[in-house]
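Some structures to go through are shown next.
The following pair of complexes shares a single chain, chain A, combined with chain B in the former and chain C in the latter.
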Partner chain A sequence: MNVRSQISMVFHLDKCIGCHTCSIACKNIWTDRRGAEYMWWNNVETKPGCGYPTQWENQEKYRGGWERADGKLRLRSTGKGKVIFNIFHHPHMPSMDDYYEPWTYDYQHLFNAPEGPDQPTARPISMVTGEPIDIKAGPNWDDDLGGSPIYAENDPNLEGLTEEQKQQLSAIERLVFFYFPRICNHCLNPACVASCPSGALYKRGEDGIVLVDQNRCRAWRSCIAACPYKKVFFNWFAGKSEKCILCFPRIETGQAPACFHSCVGRIRYLGVLLYDAERIEEVAKSPDEELVEAQRSMILDPWDPEVIRAAREAGIPDAMVEAAQRSPVYKFVKQWKLALPPHIEYRTLPMLFYVPPMSPVMASREQNEAVEHVSDDLFHDIDAARVPMRFLANLFGAGHEAKVRYALRKQKAVRWYRRALTVGDVEMETAERMLREADCSPEEAEQIYRLTSLCTFAERFVIPPEHREQAIEMLEDPGEHRTTAGFGFLTGPGRAM
Partner chain B sequence: MVSTASSYLDPLLFAVLPYVVFFTFFLVTIQRYRMRTFSYSSLSSQFLENRRHFWGLVPFHYGILVVLTGHVVAFLFPRELLLFNSRPIRLYILEASALIFGLLTLVGLVASVARRFEVSKIRKVTSVSDWVLFALLLVQVVSGIYVAVFHPWGSSWFAASVTPYLWSLVKMNPDFTSIAAMPLSVKLHIVNAYLVIGFMPFTRLVHVLVVPNPYLWRRPQVVRWYRRPGPSPAGKS
Partner chain C sequence: MKRLTNRLSFLSLCGAVWLVVGAAAAQDPVEFFRQNCTSCHTIGGGRLTGPDLKNVTQQKDRAWLENFIQNPRAVIDSGDPYALKLFEEARRVLMPTLPGMNPELAKKLIDLIEAESKLEESQFKGLQITDRPFTPREIEIGREIFLGSRKLANGGPACFSCHTMKGLGGLGGGRLGPDLTRVYERLKGRQGLGAWLMAPATQTMRPLFGKHPLQPDEILPLIAFLEDAAHKGGEDTSVAILNFFFLGLGGAILALVCFDAAWRWRLRGVRQPLTEGEIPRGA
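Moving on to the complex of A and B:
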């Protein structure tokens, strides 16, 4: 056993209101720079929809992630042999057209326009060329366009759905969609890292955050094609790759990342998971239908004395283990099995997990009744819902429905149980039966309810003390730089000559 | 052939200039790597324009790599090369393929320059040093092709005359008598090559110095530890 610690995340999709506050918080801190205007390290997509960049899930086009080939794991887009051929021109790299061309408006014209018969307007100006442009796409262009024929219908997750199911997703007046906020998953088997010819991308040993060493990045662009989630971006001005850094400067000072901190729906949870690094390759090679379970099985129980001992041996500080014991992520992913990894079939082993959404599912049935009609099979409507199970399974179960169904059933049982307790329009007996059938005890239901609905800031974000100040002092003596130069970069990270 | 002007110029161009450019080359590339590592980037523009990028960059790189390899082989193994060329058929094949790859380089280069001119997004990220570099490269490739066509069998005379000259430079005892007798186009090709080398440290061309060879043998995943002393263990998965 080789225990490692990883700062991991859960997004509770049932709570996301699609307000984009998270995206704006991130943009204001990190990507409000030349060359980074088009980047959204955090973005919120409407599902069904094409996402950002357009159709990023279409790996026939982008060839992101890993594939299994004769018992081995192989990057789909590149690899030791292919790297030489891809380095001059990467055949699967998205271009700016797949995202959008950033723009601003010529506001000065409103003030400076000569007097005339018409109102002056502020024309859109490209932030790349400075010339006027016709806006053809933008960030989040298909926001709320569930049901639209150009966007929603081209969602790659619709694969395998029957015609009827597809129609039901976009039926007039019964249209359904949900939000899908995304950041880098800080994967355990990151394709971006494995693809970088320069070795510029790396995973931090202490907390698993995946970063780009920009001093080593040479713009070979492999990572951009290799990340199946399209969460490495190319700064076209600096000529360097950039990606979500999980706000590590904030985490190191005990603050939640900006998108987590600002989340209006309070859908975001952050905590430590301990895992067995020896098993990464074996787990990433599992067959599709076993992937979710295999990844869960490599997450270790932070209370197990054996694990604690191995963690100490691996040099993990006790404070980290203690944080893992209080981790909300551990509860959602491992204990309750409510949170699932996105597209685990890409085999990067993402460490951001999603609680699949159910609000629109429930609201879809029996429109005129406040409480659903109860049949013998209390969960019948989960499979008959308007967001077809298959669609969610394509997103969160590598195409297999069992784990998604389990998570939805448990969520529904918890709701009914709470309803029996507080509203009283459901028989307690029925609710308890549902809990039993959903593999949930009343105590667990209480906990799920608490952490979902009443969670405080401190319960949602359990940030371990990282003691980075000590770590850095071991490597660099600040006294050395006294009276001679500044700290850090001696020159700014400007574009090369 | 030896005019008075060239008797002054030749020592300057063939005995002094090479040392100046190599000195500049090493000084600036090393210093730039130490002080401004960040600036070591190929500054790829593929992200801004994908299609024409292919038609420019791919032929250019394959062409230039093969042609440069040819030059290096003639420099390092002149005897073997001459021996190889002693059968005319082999010489013809070698010369013809060198020319083809030279033309490939030219096609790629012209396509890249045209792309930089015509695509407004790309023009925006093209600096003065890029334009100078393009001009130098164009002169270099065109003069090279001219030499290949009008002064054929270069693979043999390079090995016989230019290689000794280059080695004399390496040995710090420049002897350019063989060069002084060369036609103007060849001289231009050599001098311009020095200019490219001298200017290279100030351009994006430094990316050739950091081609990522360790990738071929490192393990796929890279983990860096801050609390563990020692070099960052590239290759721990």
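Moving on to the complex of A and C:
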């Protein structure tokens, strides 16, 4: 057993209202710079939709992540042989058009325009060329099903749905969408790290945050093609790759990352997970249908004396183990099995988990009659939900519905149980039967309810003491580090080419 | 340490010896004359491009000759009547100013010419080339030498790599040197051609053939071939250049097609194909 600690995340999609506050918080802190205009380390997508960059989930085109071949794991985008033949041009690099051309507006024109018969307007100006542009795409172009005949209908997760289901998704009075906020998953088996020819990307030992060393990056951009979530971006001005850093300067000072801190719907949870690093390769090679369970089995019980002993041996501070014991992520992922990894079939073992969203049941409308729901069981009938189970399974279950159904059933049962307690219009007997069917005890239901609805700041974010002083000791003298570290760059990272 | 110093001094000694020998070789007037003068002059072999140098010291004083050898152009430009006469006789082919020439060498060269003039038969009499008509066999061998399919004995490069000739090769030859179709006429027949081929004197050819001279039994077929070509007449046209251009263009297109096939699975843009057929704004 090789115990390691990972700061891990849960996004509760049932609570997300799609306000994009997280994206703006992140943008203001980290990517409001030249060359980073188009980057959204945090973005919120509407599902069904194509997301950002367009159709990033379509790995037939983007070739991100890992594939299993002859019992081995292989990067889809590059490899020792491929890198030589593609040394001058990476064939699977998304272009700016697949993201969008960042723009601002000519606001000065509103003030300086000569007097005329019409109101002056502020024309959009490209932030890359400085020329006026015709805006064709944006980071959130398909928000709230905008342009759905193009974007929602081309969502790669619709694969495997029947024609009828697809039509129902976009039919009037039946259409449905939910939000899907995304940041870097800080994977256990990161494809970006594996692909970098310069060794510029690394996973921090103490908390598993994946970072790009700005001084080592040589602008190969392999990471951009290799990351299946397209969460590494190339700064065209600096000539370096950049990505979500999980606000490590905030975490090191005990604060939640900006997107977590600012979340209006309080959908985000952050905490430590202990995992067995010896099993990464074995787990990443599991067949699709076993991936979710295999990843869960890697996550270790922080109360198990054996695990605690092994953690001490591996140099993990006791405070980290103690934080792991209080981790809300451990509860959602391992104890309650409510949270699921996104697209684990890319085999990068993402450490950001999603509680799948619930949706209203189908409704139908006959002629001029009022809208009728197809099921009387408004809260219970998961398979009649407007978002097809198959769609959620493609997103969160590697195409297999069992784990998603389990999570949704449990959520529904908890709701039913709480309704019986507080409103009383449903029978407690029925609620308890549903809890049993959903593999959930009343105590667990109460805990889920508390952490979902009444959670405090301290319950949502269990940030471990990072012990940076110890981490730094491995590399240099902390006393010396103290005199050379601080805010900003001592020397700006120069363009590498 | 001492051993190292010894070794170093030995090495530097070797270097010094080599330098002296090398400099002496470069200054050797016989070798210099052979390499630089014989393509235009003979001693007792008759006129080539330049005059026969036999007894030249009796026609003009040494000071004038030394001066002329070192800088022919300056003397001609000064309006010297004798120099102008020579220039006209050489049909206005200017004698080049030779690299490595200095007053000392000029003196030595005139001494050499004087000494050689006294001999019954000078070693610089020039190649005596038969007047008989060449056989088709000789012309064919010359053609092979010109094209490089028959290797030169001393390892020199084939003429075709730098020169063209009318009707030879689909793409013509190299474009570094002039077209050789009518060189036989330009160099005044067999004698001039032979002298040139013995020791080509231009800046580009001398370094190539100085160390890898042509053999007499290679020169003869070459003359035969060049004579034959001149009799056939004509000049190389620009068709070969055009062919070469189209070959390059076709090759580039073929290469691009191959690249396109090899990388056919590359990412060609995702958003744009999705939005194609979208109703344009304002329509």
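To be clear about the criterion, the second predicted complex is superposed on the first by the 446 of 497 C-alpha atoms of A that agree within 3 Å, B and C clash if a C-alpha of one lies under 4 Å from a C-alpha of the other, contacts with A are read in each partner's own complex, and residues count from 1 in each chain.
Throughout what follows, a residue touches a chain if its C-beta (ideal position, glycine included) is under 8 Å from a C-beta of that chain, and two chains touch if they have at least 3 such contacts.
Note that the structure is predicted; figures quoted are calculated from it, not measured.
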item: Chain B versus chain C as contact partner of A:69, first or second or both or neither; value: neither
item: Which partner, chain B or chain C, touches more chain A residues; value: B
item: Partner chain in contact with A:454 - chain B first, chain C second, else both or neither; value: neither
item: Which of chain B and chain C A:136 touches, first, second, both or neither; value: second
item: Partner chain(s) touched by A:93 [first = chain B, second = chain C, both, neither]; value: both
item: Touching partner for A:199 - first (chain B), second (chain C), both, neither; value: first
item: On chain A, the residue positions that both chain B and chain C contact, one per complex; value: 93-95, 97
item: For the chain C and chain A complex, residues of the former touching the latter; value: 263, 265-267, 269-272, 274-275, 278, 281
item: Complex contact set, residues of chain A against chain B; value: 80, 83, 88-90, 93-97, 128-131, 189-190, 193-194, 196-199, 201-206, 214-221, 224, 234, 236-240, 277, 280-281, 315, 468, 471-472, 474-475, 489-491, 493-497
item: Chain C-touching residues of chain A, taken from the complex the two chains share; value: 50, 53-55, 58, 61-63, 86, 91-95, 97-98, 134, 136-137, 150-151, 154
item: Complex contact set, residues of chain B against chain A; value: 35-50, 53-54, 57-58, 60-62, 120-121, 123-125, 127, 129, 202-204, 207, 210, 212, 214-216, 218, 220-229, 232, 234, 237
